[in-house]
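First chain A sits with chain B, and in the next complex the same chain sits with chain C.
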Partner chain A sequence: MGEHSGGSGSGAGDDGRSPRIGRRLLVERLSSYWLRGAGYFAVGLFAAIVVALLYQSLPLLAEYPLSEVLLSSNWDPAQNQFGFFPAIVGTVYVTILSMAMGAPIAVLAAVYIAEYAEGRTRTLVSSFIDVLAAIPSVIFGLVALVVVVPFVGNYLAPAVGADATGLGILTVSLVMAIVVTPFMISLSVESLEALPDELRESSLGVGATEWETIRSVLLRAAGPGIFSAVLLGFGRVFGATIVPAMLIGGQTQLPDSVFSTGQTLPTLIVNDFGELMSLPLTQSALIFVGLLLVVVVWLFNFAAMLVRRRLQRRWQYQ
Partner chain B sequence: MNRYTRERVAGVAVRAATVLVLAVMAIVIGVTLARGGRVLLANPAIVVTPPGSRYMLEANGGFLHAVLGSLFIVGPATVVSMVLAVSTAAYLQSDYSSERFSDVTNMFLNVLWGTPPIVYGVFVLTVVIALGARTSMFYGIVAIAIFQYPIMTRYTDEALRSAPDTVREATYGLGATRFESAVMTARAALPGIVAGVIMGFARGVGDAATVLFTAGRSTRMPGGLFEPATTLPVLVFDQATSFNAEVRSHAYAASFVLIVVVLGLILASKLLAGRYARFAPGGRNS
Partner chain C sequence: MTDTVLETENLAVTYTGDRRVEAVKGVDLAFPENRLTAIIGPSGCGKSTYLKALDRLHDIQPNVEITGEVYLRGEPVYDTDEPAPEIRKQVGYVPQEPTALPLSIYENVAYGLRIHGLFDSKDDLDELVERHLRKVNLFEEVSDRLDAPAAGLSTGQIQRLCLARSLAVEPDVLLCDEVTSALDPISAENVEETLAELAEEYTIVMVTHSMDQAKRLADEVVFLYLGEVVETNDVRSFFEDPQHERTKRFVSGPTDDEYAVSDAT
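Let's turn to the complex of A and B:
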């Protein structure tokens, strides 16, 4: 290639072809720089996020040991008390509750779409799921304010003898289960569809019913894929911001029941944002929350990726 | 329970789960359209009226500032993000990069794709603090562009991957450079790329957490690139918990606009993908 560009440099103008190939090679060279830059952009962005968040949360970590910050339940930025424990407990509560509600439904619906539905029904249902996945989360929050909040406050909480306004951990979990389900469905459908048809054929061929095929062959074969979908769902709920901020009630306390109000890590950032600009230590504390979120969500993602890799390796022969 | 009963129960269970999910979707869209529609029918002018001086308290005026803010923030962000995403995907798919580098980068892209939007918001905010700047429309654009980048790259990458190998082989056979070959491949994958860009726009226009801290949450008309602005989701978020019922009703009207835009974009992406599919030999139209 160097030979070509050298030749075009000396022979420019001599005949009609050389300047053209020179220009083409110039475009090729310039575009390859640009594309290389774009290729490194993802890694660069990743690194920049880690460095920026880490650097800005250093003031907090210099002042307090990590264990104290994570395990103290005293959150009062005005008094320089930064205990993330209530928010961590709230986040874990919400994540586990919504996954407990969302994951089984997501897997069942994915089985329906991948194995039961056919033809037009299948296209229709899966495009509706796509639509559901694309609805902005702020709309889920808004609708939940008029549907789920009164339902929890007026019916569900009195039915179990709890006193609640309707805002709280259970409400957030319910809505987050709805938000994250379509996402898990489409990922699970993908991994079910990727299975070779011979699996279905041979299982049905030896006399298994459809459900037996699904349960003991397909779900087991696609297990890593579905598991990784659920892990990604975990990550989604863990980092969800808008829905919890609208529905959780925003009180930094250790939740004593599923109906009590609380705080999750992202809502901590949203609710205390007003104070952020003025106090450097609060600013650092809230950026540390961001760092914490990133680390946990990335752990979920990496775990999901490793699991998926295993699935891909297992079905490589197809 | 014998195996045939179990078979029937399972059939009912998977159908019930699907119906439940679809019913929830119908409720969410229905409530938004009904409530927002009622407000908009009574007073359609609020979409194109600038906000009054005490808009968030008394709901005087309309939310034109958020509509324009959304357009001015998400539009440029989508363009920036599209250029970056297509370039990244082209780099990863074509003969520029080694397979190993593609693998590693794809891993990072996947992780970025799963990163919560609020993290991007906080990240851009740390940049704003470090620069000693003020939150403004510009940083909103940056935050949204970063948020859209992994989403669009994923779609574009998938589209390029599904473009037939014969296109690349034929262009190389005719003596094309790598860049010319990449352009031809992109053309073959156009439906997927267009669908991806539209989906990226839809996701960007619906996201509140990234712009919450970066665009300035202003309640006035956007004044310029370095002036505070707001977007529709942020407006809905701020108005939803207001004590004034009229302010809350504006939140429904705004969410009506938002959901119509998002649904329209998804529909457009599906239609366009189907329309362009005939230009793409062997390309998947999803």
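Let's turn to the complex of A and C:
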């Protein structure tokens, strides 16, 4: 591209490097530095957090081998026993259960909204889903305390012959499924809507029904997007704090059924940090839990990105 | 005169969204068997809207109102008890944008055959897929990677794959919506050659805004302007002796500039 010098306002300079262009190029260079700095800031921040957490975890790791910390079931900070295994198991339970309940519903609801719902119904349904996604999760926790907890304690658990107060892993999973489903729906709807109409027309054009089109073509083409929506849900459940803290019962023991109380990694931090941060080793232990959470979430995102790229390259939609 | 495969009677398509737009205003046309009919006209004249209406593809969109009727071999397409998928199977449709289904090359062609159960055995399916890939001059180019994702093909190859996919279910008529306009000149020429060969055994209705393409390929030409048929005639009379003033201007005028590059070849 040639340089277009300004019109009447550019002054008398005919050499093409008037003071004006000089100033503009300076601003150009400065703004690129500034923008780059802002971009690297995020990377730097992440690195700084990991380093800080790692550094503060060292006292614990100096005293106890990693394997013992991760695999021991004894959690008693007062006695200097730091076994995270019950909280790890609790986290895994909650994550798997809520995704098993939430992800299929999210995908089906997204298909309904993107492909079947029309006009007013569609606007109504999707606006309610957006509202659900915007409600602070503490509200879900509160409502669950008066609705889900008695339901699980008085009806569901007795129905399967279990003895439970209603607080526990299943309750948390149910509520977390409700919390993350709207997010997964919104994102999945977006990826379905981003598909070109030609894809639908091509499939319908050879005589496929709408359901056949959805099943064999659209879900596959929107696969990378739906996949990341579900993984985002995973991350949110994994790191969820307030709902588990309110509903899980807060007892650090290996859960023996889905009705038993327990602990997740984030609730371990929330429940204990107030009174125990004054004990150096306990503080280090809780910070180590934080490190564990950050690393797992990061690995998750990284794996998700790799899989998504592979899928995208394969089908080249989105 | 040959038999009429597809016919429209006072077909009108109106978009009823925020603004009412009558895109197609009562079109009567008949498409004869084993002929290639080109529908030409400036952008936004309702060509694609009309074409999609022939395959009931507006059904999936809200806010579209269709009146009049389409007859496929004398049977109504809209006012009928026959399910839409069965009708769409008999009317092939290839969109403007080359669109590979997110499946392998083989499965793209087998897609309709599987849905309708149009084969007896795996060998039979293999044979049908190969035959239709050959029909569009694609088999030699892809025979060593039939199981590779179709999205990896070039746009020109994908467009020919789309033709094969549509033809595999043996439609009575094939609708092509500006199938070369998204392609580079060489791919466009390949697809055009394929269309010319297909025109010998299929009934094809093709939308194009290139008059040169219509001249090269078509047996019959329809000139659509603002949703109405201005003139329809066989290709020679249409271009050599246009009857209407507007057709004369369109045929002779320099309005074909969008195609200047590909038509220069």
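Keep this in mind: the second predicted complex is superposed on the first by the 269 of 318 C-alpha atoms of A that agree within 3 Å, B and C clash if a C-alpha of one lies under 4 Å from a C-alpha of the other, contacts with A are read in each partner's own complex, and residues count from 1 in each chain.
Please note the rule applied: contacts are C-beta pairs under 8 Å (C-beta built on N, C-alpha and C of every residue); 3 or more make two chains touch, one makes a residue touch a chain.
In this text the structure is predicted, and so the values were computed from the model without any measurement.
**Student:** Chain A residues in contact: does chain B have more, or chain C?
**Tutor:** When the residues of chain A touched by each partner are counted, B comes out ahead.
**Student:** Applying the touch criterion given at the start, work out whether A:Pro65 contacts chain B, chain C, both or neither, answering first, second, both or neither.
**Tutor:** Neither chain B nor chain C is touched by A:Pro65.
**Student:** Considering only the touch criterion stated at the top, classify A:Gly119 as touching first (chain B), second (chain C), both, or neither.
**Tutor:** A:Gly119 sits against chain C, while chain B stays out of touch.
**Student:** In the overlaid three-chain picture, which partner chain does A:Ile287 touch, first (chain B) or second (chain C), both, or neither?
**Tutor:** Touch status of A:Ile287: first partner only.
**Student:** Quick check on the superposed pair: does A:Pro158 touch chain B, chain C, both, or neither? Answer first, second, both or neither.
**Tutor:** Neither partner.
**Student:** According to the stated criteria, A:Val27 is in contact with first (chain B), second (chain C), both, or neither; which is it?
**Tutor:** After superposing on A, A:Val27 lies in contact with chain B but is clear of chain C.
**Student:** Touching A:Ser203, do we find chain B (first), chain C (second), both, or neither?
**Tutor:** second
**Student:** Report for A:Leu232: first if it touches chain B alone, second if chain C alone, otherwise both or neither.
**Tutor:** The first partner, chain B, only.
**Student:** State whether A:Ser216 touches chain B only (first), chain C only (second), both chains, or neither.
**Tutor:** The second partner, chain C, only.
**Student:** Going by the contact definition given at the top, which residues of chain A touch chain B in one complex and chain C in the other?
**Tutor:** In chain A, positions 209-210, 212 sit in both the chain B and chain C interfaces.
**Student:** Across the complex, what residues on chain A touch chain B?
**Tutor:** Per the touch definition, chain A meets chain B at residues 24-25, 27-28, 31-32, 34-39, 41-43, 45-46, 48-49, 52-53, 55-56, 104-105, 108-109, 111-113, 115-117, 125, 127-132, 134-143, 145-147, 178, 181-182, 185, 209-212, 214-215, 232, 235-236, 238-242, 245-246, 266, 269-270, 273, 283, 286-287, 289-290, 293-294, 297-298, 300-302, 304-305.
**Student:** Please give the residue numbers of chain B that touch chain A in the complex, ascending.
**Tutor:** 3-4, 6-7, 10-11, 13-18, 20-22, 24-25, 27-29, 31-32, 35, 84, 87-88, 90-92, 94, 96-97, 101, 104-105, 107-112, 114-120, 122-123, 125-127, 129-130, 146, 149-150, 153, 177-180, 182, 199, 202-203, 205-209, 212-213, 233, 236-237, 240-241, 251-252, 255, 258-259, 262-263, 266, 270
**Student:** Note which residues of chain A are touching chain C in the complex, please.
**Tutor:** Going through chain A, the ones touching chain C are 118-119, 196, 198-210, 212, 216-217, 220-221, 223, 314-317.
**Student:** Tell me, which parts of chain C touch chain A in their complex?
**Tutor:** These residues of chain C touch chain A: 52, 55, 57, 60, 62-63, 85-86, 88-97, 99-103, 111-112, 115-116, 149, 151-152, 162, 165-166, 168-169.
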